[in-house]
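Multiple structures follow.
Heads up, the next two complexes both have subunit A, just with different partners, subunit B and then subunit C.
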Partner chain A sequence: MINIEIDGKRIETENGSTVIEAAHQAGISIPHFCYHKKLSIAASCRMCLVQVEKAPKPLPACATPVTEGMKVFTHSEQAVKAQKGVMEFLLVNHPLDCPICDQGGECMLQDMSVGYGGGASRYHEEKRTVLAKDIGPLVSAEEMSRCINCTRCVRFGQEVAGQMELGQAFRGEHAEIMSFVSGTVDSELSGNMIDLCPVGALTSKPFRYKARSWELSRRRSVSAHDSLGSGLAVHTKNNHVLRVTPIENEEINECWLSDKDRFACEGLNSPERLTKPMIKQDGKWQEVEWQTALEYAANGLRHIASGAGAEQIGALATANSTLEELYLLQKLMRGLGSDNVDFRLRQADFSADGKQQGAPWLGMPIADISRLDSVLIVGSFLRKDHPLFASRIRQAVKKGAQANIIHSVDDDLLMKVANKAIVAPDALVTALSQVAQALDAEKNGKAQTASAEAVAIAKSLSGGGCVAVLLGNFAQQHPQAAQLQALAQQIAAATNGKFGFLGEAANSVGGYLAQATPGSKGMNAAAMLAAPRKAYVLLNVEAELDTANPQQALAAMQAADMVIAMSAYRHHATNYADVLLPIAPYTETSGTFVSAEGRVQSFKGAVKPLGEARPAWKVLRVLGNLLKLSGFDQDTSEAVRDEAIGGMDIAAQLSNASQATDQPAIPTPQSSGMQRVSDVPIYATDAVVRRSAPLQATADAAVPRVWMHGSELQKLGVKDGDMVRVVQGLGGVTLAVAADDKLPQGVVRVANGHAATAVLGAMFGTISVERA
Partner chain B sequence: MSTPIIFNTLHFDQPWTLENYLKVGGYQALRKILGEKMSPDAIIAEVKASGLRGRGGAGFPTGLKWSFMPRNYQGEKYLVCNSDEGEPGTCKDRDILRYNPHMLIEGMAIAAYTMNVKTGYNYVHGEIFEAYERMEEACEEARKAGYLGKNILGSDFEFDLHNHLGYGAYVCGEETALLESIEGKKGQPRFKPPFPASFGLYGKPTTINNTETFASIPYIINNGGQKFADLGVPNSGGIKLFSISGHVNNPGNFEVPMGTPFKKLLEMAGGVRGGNKLKAVIPGGSSMPVLPGEIMMDLNMDFDSIQKAGSYLGTGAIIVMDETTCMVKALERLSYFYYEESCGQCTPCREGTGWLYRIIHRIEHGEGRPEDLDLLLDLCNNIAGRTICALGDAAAWPVQGFLKHYRKEFEYHIEHKRCLV
Partner chain C sequence: MANIFNFFKSFLLLELLKGMAVTGKHLFSHKITVEYPEEKTPQSFRFRGLHAQRRYASGEERCIGCKLCEAVCPAMAIKIEVAERGDGSRRTTQYDIDLTKCIFCGFCEESCPVDAIVETRVFEYHGEKRGDLYYTKPMLLAVGDKHEAQIAKDRAADAKYR
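Our next item is the complex of A and B:
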C-alpha cells in the first residue's frame, strides 16, 4: 500500500494504481473523457491534468502512477488552468449543437463544459466538419463532427469486443473515427460504444430523436434473453419502452450489455403484438373478451382431460418465461392430472432425467470465469450464444488463461484459442472421451494413445490453478448430451476443476426450480412432440422456431385437437391454434429469472401491458380457477414466486452431478450421409428478439446459408453462393451455399430457429444436400 | 576543421563503399572491442567520458542512456536508429546514410555489443528512398564481409540490422511513435513512462539513438572518449554536423567542433545571400525558438550557449533569414507544418495547432485583430507541456519565439494589413 495526498486528503492506495484510480476510490472526481476503468489508458484527451508536487508541469491523472508521499492537487490554479485550457480546445471544433443532439442531458462534454468551459468562445475560425458514416442499423455515426477523438470506441473494439471495427484514420485535426473501408460494425457487443461515447457522436440508431433523456423514466429490469441475467435499465416514456441500457454489476454484466439485450426492446411494440384474446371458430379467428377466451380454453382442457385422459395434454414453455409463469404452468398441468410439462424445447437427449441431482447450472459464480487459468468449452457457439460470457473468457485469456475448444464448428472467437478439436457431431463424445483418456494416461504415467489435440487439451487442463469445463448450447442440445455431461464431469473431477452449463436462456436454471420438467410418469418436450398429444398449452412458444425438431413440432400441433397458445405475438400459431391468449412480455409483467449462476432476480413491469395483454401468471391463475383447481389464489407474482422457491436453499438445489451408474459408452460414429450441425442465430433465439427490426437488419440476422467444407461443395459441383436444396424428412428448402473449410468433412451447417429453415427436421442427424 | 570525423570518406569517388570505409580505418573500433573483449562497462565509460549527447534534438547523454538498458534481461532486446530526420532544416542524417553508411553500421554494432542486443532496426525517413537503398546495399556488404550477422569477425557476437522505410510522417521521429510505426501501427507517440528502455519495440527493452550519435561512436572507441570530448567544449563534447539552410550563399552540412562560433559557421556557408543583412536565425531546427541575428553573431554553437540565449541547439539545423524576410509569413509557414503533422492523439495539439495556424494565416492575409497576439501566446501556454510528446512544444515554441523578438512586425501587420519589410 502507498500513502498519497490528494487535495489535502490522505489516501492509502494500492501500489501500481494511478492517480485517477486513487482519487475515485477516495470519492474525489477528476474531469476526464478518454479514461474508462475497463479500457486501456490512452492519456490523450488531457482533461484529467492535475498538479503534482515537484512535477514541473501538470500530469494526466489517468496515466500517472502513485508514488509514496505524492501530493496531488486537482483544483489548484495550475490544474484548473490546464483543465480549462483542454476544455476550450475540445470545444473549438465541436458543433455545440446540444439542442438537437440525442446525447443532450446525458453528455459528459456538456456536463464538463458547465464546470470548465467558458461562457463565450474565443474561437472565431472555421470549424471542422466530419462526414457522417453509416456503420449499421444499431449504432448511429451521423454526427461525427461531435467526436472528440477520445478513442474509447476504438479501444472497446480492440480490447473488449475482440475485433477492431472502428479506428482513427488520418492525422491531426483531420483525424476521424471510422470503420474499415466503410464496413459496418457487426460486433455482438457494438451497442456498448454508444454508452462509452462521451459525446453525441455515436448514438443509438433505433432511439434517435425518440425522446430527450430527461423525459424518460428508468425502471430496473433483468434480461429475458441469455442466461447471464444482465441488469437492465428500461427507459420509458408515455407507457412505451424506448430504450434499454445496462445496470452495472461487476459480478454479472460489469458495465456492458450485449446488443441482443439492448436492442431486443425494439420488438416489444412490433405490429405483430397480440393485443386481444382470440379464438378460432369455423376456421376463422375472432377477437373475443378474456372471459370468453379463458372459458373456451378451460372447457377444452377439461373436455380432453375427462375424455381422452389428462396425459393427452402437453404443456410446452420457453426458457425465456418467468419463474412464476413456469411454476403456475406446471401446477396447472399437474392439477389437471398431466405430468407432461417441459421448457427444454431444443434438447434432444433426456436420458439424464431422473439421475440428475439438481438443477444444472454454471457450476460457479459468473465472476469466477474472469479468474480461470484454463477452460474447456464443449459445443458452444460462444460469441453468439453468450456474448458477455465470451467477453469474460476473452479477458481471462488476455491475462494468460488458456481456452480449449471441442466443437463441430470453428467460428472465430476473437480470442487466442490454445487447443481445439473440431469434429463432426457424431464424433463429439469420442473427442471428449479422448481428453478424459489422455488425463487418465497422464495421471497414471501410461503411454498416450489419444489424439494429439486431446493430449494437448488434457495438458492445458491439468496445469493446476482455476480450471473449468463448460458445456454450451450445442452440447446440451446434442443427441448424446448425457454422455457429454458425464465425460465433462469426469474431466472436471480429474483436473480439480469446476464443471458447468452455459445455460441457453434467461430461465434455464429457473425452469428446474419451478418444477417445469416432467416427473417420472410424464413426457419430456421431445416425447410430447414425437408422440403427438391431443391438446397442447404453449407458453411463449413458436413451435416451428423454438424446438429441436420444427418439422415434428409443427406436425404435432397440426394434428392436435386443441392448441392453446399464450403469446405476446400473433404468429404461426394462427395456423394450428384454437385459442390465442395475449400475454405480456418481460417489460410489461413482474417476474423472476434465475441466471446461469443461480442468481434469483425479480423485477417489476416497466410499463403497462399493451392493449388487453395480461401477465401470463395472471392468465394461468385465472385458468386454474376456471378449472376449479386449488392453489390458484395468489394476489401477486411475488406470492407465486414465494410459493415456488420461498424458503428454498437455492444453492442446495443447484447441482450438475448425475448418478453416473457406469462408464459412459462411446458410440461408434455413424458414417452414412451428411450430418447436420445447427446453431440458433443470435437474433433468432426468442420471440421478442425475432421481432426487433434493428436486430433483424444486422449482418447476424441474414438469411441462413448452407455451410460446408469446400471439398463438399466440389463434390456437389457447386460453388460459393450457388443455391442448393437441403432436405430432412419431408421438408426441404433452397438456400445459398457457402464454403467454410474449417468445418469437418461430412457436415452441413444450417441454422435452426429461423423462419427460412423451419420446414427442416432435427437440429442433429442426417441431412441431404443437392444442387437446386 | 582539418580532418572530418564523420564525413571522412567524402574525398573518395564513391564514399559509401565498404572498400573506401576500410581505407580510412573503418571497422577498426568494432575489431578492437571484439579483439580485446572489451567489457560493456568500459565502453559505456568511454562514451560517458566523450560527453556525447544525443544528436537528434534532445541532447540526452548517450552513455547514460546506454546504461539504462537492463543487462540481465532474458529475451529479445532491440537497438533502434532514428534516421527519421523530419525536422525542417535538418538534412545531416541523410548524408550519413548516403555517404558513410558503414560508420553508422559500425556504431550500431558497437552499441549492440555493449547492450547485448542481437537485432537492430534503422528507421529511415520515408521521403529519402535513395538513402534507404544505399543503407540496404551497405548492410548487405557488411553481412558478406562479416561485420553483421552471426559470429561477427569470428567472435561469438551476433547482430543484424534491418532497415525500415517509414512513410514520411514528422511525428514518427518521436521515438515511441517510431516504435509504433515499426510495429506496423499508426505512428502515434506512447505515453511515458514506461520508457523504451523497459518497454520499447514489441514491448521489449529498447535503446533508440540518432544516426549521427551512432556515427560518432567508432571515433570514441578508436581514440578514447576524452579525445572526443576535448574536440568540443565543456558539456558539449565532440564534433557536430550543422545543416545550414535559408538565405546563405552556400547552404549545406558542415562538420565542426561543438562551440564553433556562429559567425564562423555563417562564413563557411558563404555568408548571407546578396550581401543582405542578417535578420534572424533558428539555431536548432524549425521547432526551436528563433533568435535575432545580432544575438546569434555573438553566440557559439553548443548546447549551453544557445540555451542561455533563449533557444536550443536541437538538431543543429540552422535556418538563416535575411532582412527581406517577413516574420509573419515565415511563422505562418512553420505553423502550417505543425498543423499538418500533428498526429491527432492529444487534444491540445490536435485542436491547438490548427487554431494557431488559422490565426497567423489571418494576420498574414490582413485579417488580424489586435487581441490575436495575446490569444496566440495564451494558446501556446495551453499546448506546451500539456501533450504526450514534444510535438505540442514544437508547435508552440516557434510562435513564442517569433512573438518575443518580432512582436512589432506582427502588430504592424495587424494594423496596416501588410508587411513591414
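Our next item is the complex of A and C:
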C-alpha cells in the first residue's frame, strides 16, 4: 500500500494503481474522456491533467502511477489552466451543434465543457469534417466529425470483444475512426461502443432521434434473452420501450450488455404483436373478449380431460418464460391431472430426469469464471450463445487461463484456445471420455492411450488452480447429454474443479425450481411431441422454431384437437392453434428469472401491456379459476413467486450431480450418412429477438447456410455459394452451401430455430445433401 | 370649535367643490384612454404574444427538434416528436403548443438555439370551441409566415441586448 495526498486528502492506495484510480476510490472526480476502468490506458485525450508536486508540467492522472508521498492537486491554478486549455483544443474541431446531436443531454463532452471549459469559443476558422460511415444496422457512425479520437471504441474491440473492427487511420488532424475497408461492425457486443463513446460520434441507430435522455424514465429489469441475467435499464417514454442500457454489476454483466439484450427491445412493438384474444371458428380467426376466449379454452381442456383423459393434454413453455408463469402452468396441468409439462424444448436426452439431484446450473458464481486457470468448454457456440460469458473467459485467457474446447465446429472464439478437439457430434462423448481416460492415466501413472488432444486437454486441466468444465447448449441438446454430464462430473472430480451448464435461456434454472418438468409418470417435451397429444397448451412457444425437432413438433400441433397458444405475437400458430391468448413480454409483466448461477432476480413491468395483452401469470391464474382448480387466487406475481420458491434455499436446490451410473457406456460412432450439427443463430433464440428489425438486419441474422468441409463439397460437385437441397425426413429446403474446412468430415452444419430451416427434422441426426 | 368648523364646511359645500375641481381638471387635461380596437397601445419589440415558427429565407423551417423549449416550458404546454427526415436531418414531426396552458413566459424563445419558436406581437386571437387554441406545427408556421417581416425586425432590434 502507498500513501498519497490528493487535494489535501490523505489516501492509502494499492501499489501500481494510477492517480485517477486512487482519486476515484476516494471519491474525487478528475475529468477524463479516454480513460475507462475496463480498458487499457491510452492517455490520448489529456483531459485528466493534474498538478503533481515537484513535476514541472501537469501530468495525465490516468497514466501516472502513484508513488509514495505523492502530492496531487486536481484544482490548483496549474491544473485548472491545463484542463481548460485541453477542453478548448478538443472543442476546436468538435461541432458546436449540441441541439441536433443525439448525445445531447447525456454527453461527457457537454458536461465537461460546462464544468471545465471556457464560456465561449475563440476559434473562428474552419472545422475539420469527417465523412459519415455505415458500420451496420446497430451502431450509427453518421456524425464522425464529433469524434474526439479517444479510441475507446477501438480498445473495446481489441480488448473486450476480441476483434478489432474499428481502427484509427491516418495521422494528426486527419486521424479518423473507421472500419477496415468499409466493413461493418459485426461483433455481438458492438452496442457497448455506444455507451463507451463519450461524445455523439457512435450512437444507437435504432434509437436515432427518437427521444432526449431527459424525457425517458428508467426502469430496472432483467434480461430475458440469455442465462446470464444481465441487469437492464429499460428506458421508456409514453408507455413505449425506446431503448435498453446496462445496469452495472461486477458480479454479472460488469458494465457490458450483449447486442441481443440491448436491441431486442425493438421487437417489442413489432406489428406482429397480438393485442386481442382470438378464437378460430370454422377455419376463420375472430377477435373475441378475454372472457369468451378463456372460457373457450377452459371448456376445451375440461372436455379433453374428461373425455380422452388428462394425460392427453401436454403443456410446453419456453425457458425464457418467467418463474411465475412456469409455476402456474405446471400447477394448472397438475390440477387437471396431467403430468405432461416441460420447458426444455430443444433438449433431446432426458435420461437424467429423476436421477438429477437438483436443478442443473453453472456450478459456480459467474464472477468466478474470471478467476479460472483452466477451463474445458464442451459443445458450446460460446460467442453466439453466451456473448458475455465468452467475454469473461476471454479476459481470463488474457490473464493466463487456458481455454480448451471440445465441440463439433471450430468457430473463432476470438481468444487464444490452448487445446481443442473438433469431432463429429456422435463422437463427442468419446472425445470427452478420452479426456477422462487421459486424466485417469495421468493420475495413476499409466501409459497414455487417449488421443493427443485429449492428453493435452487433460494436462491443461490437471495443472491445479481453478478448473472448470462448462457444458454449452450444444452439449445440453445433444442426444447423449446425460453421458456428457456424467463425464464432465468425472473430469471435474478428477481435477478438483467445478462443472456446470452455461444454460440456454433466462430461466433454464428457474424452470426446474418452478417444477415445470414432468414427474415420474409425465411426458417430457420430446415424448409429448413424438407421441402427439390431443391438446397442447403453449406458453411463448413457436412450435417450429423453439423445438429440437420442428418437423415433428409441427406435425403434433396439426394433429392435435385443441391447441391453446399463449403468445405475445401472431405467428405460425395461426395455422394450427384454436385459441390465441395475447400475453405480455418481459417489459410488460412482473416476474422472476433465475440466472445460470442461481441468482433469483425479480423485476416489475416497465410499461403497460400493449392493447389487451395481459401478463401470462394472470391469464393462467384465471384459467385455473375457470377450471375450478384450487390454489389459483394469488393477487400479485410476488405471491406466485413466494408460493413457488418462497422460503426455499435456492443454493441447496442447485446441483449438477447425477446419480447416473458411475461409468457411462460409450457408444461407438456409427457412420451412416451425414450428421447434422445445428446451432440456434444468435438472433433467432426467442420470439422477441426474432422480431427485432435491427437485429434481423445484422450479418448474424442472415439466412442460414449449409456448411460442410471443402472435400465434401468436392464430392458433391458443388462450389461455395451454390444452392443445395438438404433433406431430413419428409422435409427439405434449398439453401446456399458454404465451405468450412475446420468442420469434421461427414458433418453438415445447418442452423435450427430459423424460419428457413423450420421444415427440417431433429437438431442432431442424419441429414442428406443433394445438388439443387 | 370643531362643530362650528364642520358646520361651515358642509354649509358651504366645500367638499363638493373640491371634487368638482378634480373633475374639471381632468375634463380639460390630455386623455390617456385608448379607443380599442380603433386605437392600440404601443408594444415593445419584446412583446410576448401568440407563438410562431419561423423559416429561413430559403423556405426551410428553422426548428431542428432539439426539444429544449419542451424541456424548459414551465407549463408543459409544448409537445414535440422528432424523426429523421429523408435527407438525414433532424426534424419535428409534431410540434404543438397548447395556448390554454401557456403562461407566455417567453422561456421557449429564449431557449431556442435557432430562433425558430418566437412570440409575436399578435395578442388578438381567440378560439370558439375546445381545442381551437391547440396550435399545431402548420398553424404555428402559418403565423410565422404571415408576420415574418415584423418578427425579423423585432429580433434585429433585440439582438444587441442578447
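Heads up, the rule we're going with is that the second predicted complex is superposed on the first by the 771 of 772 C-alpha atoms of A that agree within 3 Å, B and C clash if a C-alpha of one lies under 4 Å from a C-alpha of the other, contacts with A are read in each partner's own complex, and residues count from 1 in each chain.
Heads up, the rule we're going with is that contacts are C-beta pairs under 8 Å (C-beta built on N, C-alpha and C of every residue); 3 or more make two chains touch, one makes a residue touch a chain.
Just so it is clear, the model here is predicted, and its values are computed rather than measured.
On the superposed subunit A, the positions of subunit B and subunit C stay apart, so the two partners fit side by side.
Subunit A has more of its residues touched by B than by the other of subunit B and subunit C. Of the two partner chains, subunit C is the only one that A:Gly104 touches; subunit B does not reach it.
Taking Cα centres throughout, subunit A sits at the apex of an angle toward subunit B and subunit C that amounts to 80 degrees, reported as a multiple of 10.
By the touch criterion stated above, A:Lys521 is placed in contact with neither subunit B nor subunit C. Within the superposed three-chain model, A:Lys284 lies out of touch with both subunit B and subunit C [touch as defined at top]. Of the two partner chains placed around the shared chain by superposition, subunit C is the only one that A:Trp214 touches, whereas subunit B remains out of contact.
Of the two partner chains placed by the overlay, neither subunit B nor subunit C lies in contact with A:Arg10.
Of the two partner chains, neither subunit B nor subunit C is touched by A:Lys54. Superposition on chain A places subunit B within reach of subunit C only down to 23 Å, the least C-alpha distance between them.
Listed in rising order, the residues of subunit A touching subunit C in the complex are 98-100, 104, 142, 208-212, 214-215. Those residues of subunit C that touch subunit A in the complex are listed here as 64-68, 71, 82-84, 88-90, 113-114. Residues 41-47, 49, 56-58, 60, 63, 65, 82, 85-86, 88-90, 92-93, 122-123, 125-126, 128, 148-149, 167-168, 170-175 of subunit A touch subunit B in their complex. Put simply, subunit B touches subunit A in their complex at residues 169, 171, 186, 191, 193, 339-355, 358-359, 362, 375, 381-382, 385-388.
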